[in-house]
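One chain, subunit A, links the two complexes that follow: it is found with subunit B in the first and with subunit C in the second.
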Partner chain A sequence: MAEFVDITDVVCPVTFVKVKVALEELDDGQELQIRLNGGEPVQNVPRSIKEEGHQVLKLTQNEDGTYNLLVRKEGD
Partner chain B sequence: MPPDYKALKNGGFMRQVQKNCFSLRLKVVGGNLTAEQLCVIAEISRKYGRGTVHLTSRQGVEIPFIKLDDVERVRTELAEGGVDTGVCGPRVRTVTACQGRAICPGGCIETYPLAEAISERYFGRALPHKFKFGVVGCVNNCLKAEENDIGIKGGYAVSWLPEKCTLCGVCVPACRENAIAIDGGGLSMDDTRCNHCGRCVKSCPFDAWSGEPVYLLSFGGTFGNLIAKGEAILPILHTEEEIFRASDAALAFFDQYGKPGERFRVSIEREGWASFQKYITEAVYG
Partner chain C sequence: MPFTNEQLERYSRHILLSEVGVKGQRKLMNAKVLIIGAGGLGAPAALYLAAAGVGTIGIADADEVDLSNLQRQVIHTTADIGKAKALSSKETMLAINPEITVNTYFMFADASNILDLIADYDFIIDGTDNFPAKFLINDACVLAGKPFSHAGILRFGGQLTTYVPGQGACYRCIFKEPPPKDAVPTCKQAGVIGAMGGVIGSLQAMEAVKYVIGKGDLLTGRLLTYDALKMDFRTIRVPRRANCAVCGEHPTITKPVDYEQTECDLRAD
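Take a look at the complex of A and B:
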C-alpha cells in the first residue's frame, strides 16, 4: 500500500517541497500516492520528480478535477 | 583636428554628454564573460573610467568616462586581457543568447555555440542600419527572440515512441496546447497544435517522447522608435546550415533593398512580406 500526500492545499514551490519531504520518509522502492491540482501543479510536479531521479508511474484524473500521481522512490 | 567621432563610435567608443569622455562598449557574445575578463574590465574601469560599468539592454558591458587621450591605451590593454571592444552604428551588433540547454532545464537547443557561430560570421558587418540577432533556447522565450531583426528560438520536434509508452498520462496535462489525448484507443497527438515547447519530452517518466532540436526563426523585429514583432515566415528549420542559408539571404536582401538609415523591417515592408518570404524560402530550400 502506497503512502499518501495531499498537495492540493499549497502552491508552487511548496507543492514540490511537500513531495520531497514525503519521499524522504520512504525507503527506496516504496511508492507514494500524491493528490495534486490541475494547472501548474500537474504540469510541473511530475517533471520535477523525474528530474530528482524518482520513477513516476501513473497519473489519473479524479472526478473533482484533481489528479492522483503514483511515484516510486529511487535511490541515488 | 577634431576627433573622428564616427570612427570612434563604430569601434564602440560612444561620445558622452561630458566633453572628451566616451562610454566604451565591449564585445560580449550571449552575455557570457569569464571571471578573468570581468577582472580586466574592472581594472580598466578603475584605471581609466570612474570605477563603474553599465550593463546594457543587450547583455553588453560599457565602461563610461574613458578619456579621449586614453582610447588607444584602453583598447590595447583590453585586448591584452582578452577583452574585445564592441561596435555601434549601421552594422551587425552584439548577438544575444540565453544559457540554453547547456544550463537551463527548459532549454531545447545549444544557444552559446550558435550565438558564437553567428557572431563569428556576421559581427560588425556593415549594413544599411543596425542589425540584431538574438538566440533563445526554448519557447518560454525569456530573451524575446521576436524583438530582433533575426530571432532564433529553439524548440523540439517531438515524436511518440509507443514501444516505451505505458500510457501513464503525465504528458496529457503537461502539454499546455492540449495536443495530446489518451482514451480507450491509446494515445493520439494533434500535430497542428504542437508549439514545439518540448514539455512532453521533459516530463515523460519513460522517455516515450523524443525531441529533435529545431529552430524557429523570426524576421524584422524592432523595439526602438518603431516597435514591431518579428514575423515567422519559415517552417521550422532542422540544421544550423539552414539557419545560415536563411540569414545570409536576409542580410543580402537588406544590402540589396535597404536604404541607408532604415531598419530591416522597413525595407521588408516596402518590398512586401510575400516577396521577402519567397526570397528567403528559395535561399533555404533551393
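Take a look at the complex of A and C:
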C-alpha cells in the first residue's frame, strides 16, 4: 500500500516541497500516492518529481477535479 | 517532529535545493551559531541566519546603537539608537523569524569569558572590528576545537577566511600577531563603505550555513579578498604553519590572551 500525501491545501512551490518531504521519509522503491489540484500543480509537480530522479507511474483525474499521482521513490 | 505547512512555506526555497532538502533544513534548525559583534559584519550575518531558521543564535556585543552605526549596521533602526546592540539585534531577528531562539550576551569578548561564550556553539562568526578581538577569537576557537569564520572590512576592502579544526590555516598562521598600535586605522578613523559589511557579513553567513548542512567547499586554507573599487574577488591559498603559536606542533599559546586595547578603540564601531 502506497503512502499518501495531500497537496491540495498548499500552493506552488510548497506543493512540491510537501511531496519532497513525504518522499524523504520513504525507502527506495516505495510508492507515494499524491492528491493534487489541476492547473499549476499538475503541470509542475510531476516534472519536478522526474527531475529529482523519481518515477512517475500514473496520473488519474478524480470526479472533483483533483488528480491522483502515483510515484515511486528512486535512490540517489 | 514533522514540518508544519507554515514551516514548509517559510523554508520552501531551501527545501527545494537538493543540497539542503528536509535534512539540511533540520540541521539548520538544530544548529547553534554564535555571532561576536553586532556591527557591520554581524548585522547581515545575523539577519540571514535568523531568516534561514538557524535554531539557536547567540549575539554578543557590549555596545549600544549609535547614529553613526546605521549607515551599515542594517539590523538596527533609527528607533534603536541608545539601545543595547545585542537586544536590538535579537528583536529584529525574532521579528523576521519568531521560531528561533536568540541568546544575548551584553559583553565584549575577552580572555576571561571567551571560552565560556563559545562553548555551547557549533560555529562562531567573528564580526568584531579590532585585532585583539580577532586574535582572541582565533586562539579560543583553535584551543576549543571550534570552527569559525574570520572577516575584516575597511574602506572599500574586505577579507574572509574559514577555520575548521584540522583543516588548514588558522588566522594566526596567516597573521602572526596584531599589527603595532595605530599601524592600521579602525573603521572609525578610516571609514568603510556600508555595503561592504553586507557583502562580507553575508559571505560569513553563507560559510556558517554550508558548514551546518555539510555541503560544498568551505574557505578553509584560503583567504578571500574583495576590492570593491576594482570589483575584484581573489582567493589566496594560505598554508598552515607548523610553527604557529596556537595551532602549530609546539604551541606557546595554551590559553586565551588579551592584547592591549584602549577604551576608545573598544568603542570604535
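As a convention for this text, the second predicted complex is superposed on the first by the 76 of 76 C-alpha atoms of A that agree within 3 Å, B and C clash if a C-alpha of one lies under 4 Å from a C-alpha of the other, contacts with A are read in each partner's own complex, and residues count from 1 in each chain.
Here is the rule we go by: contacts are C-beta pairs under 8 Å (C-beta built on N, C-alpha and C of every residue); 3 or more make two chains touch, one makes a residue touch a chain.
Quick caveat: nothing in here was measured; it's all calculated off a predicted structure.
Clash-free side-by-side placement of subunit B and subunit C is the outcome of superposition onto subunit A.
After overlaying the two complexes on the shared chain, residue contacts for A:L59 are found with subunit B alone; subunit C is out of touch. By the touch criterion defined above, A:Y67 reaches subunit B but does not reach subunit C. Of the two partner chains, subunit B is the only one touched by A:K50; subunit C is not. Of the two partner chains, subunit B is the only one that A:G38 touches; subunit C does not reach it.
For the combined model, the angle formed at the CA centre of subunit A by lines to the CA centres of subunit B and subunit C equals 70 degrees after rounding to the nearest 10. Number of subunit A residues touched is higher for B, counting subunit B against subunit C.
When the two complexes are laid on top of each other via chain A, the two nearest Cα atoms from subunit B and subunit C are 5 angstrom apart.
Once the two complexes are overlaid on chain A, none of the subunit A residues touched by subunit B in the first is touched by subunit C in the second. Subunit A makes touch with subunit B in their complex at residues 38, 42-43, 46-47, 50-51, 55-61, 67, 69.
Those residues of subunit B whose C-beta lies close enough to touch subunit A in the complex are 105, 166, 168-170, 172-174, 176, 199, 202-205.
Taken in their complex, subunit A has these residues touching subunit C: 9-10, 13-14, 16-18, 20-21, 24, 52. Across the interface of their complex, subunit A is touched by residues 2-3, 5, 8-9, 12-13, 15-16, 18, 21-23 of subunit C.
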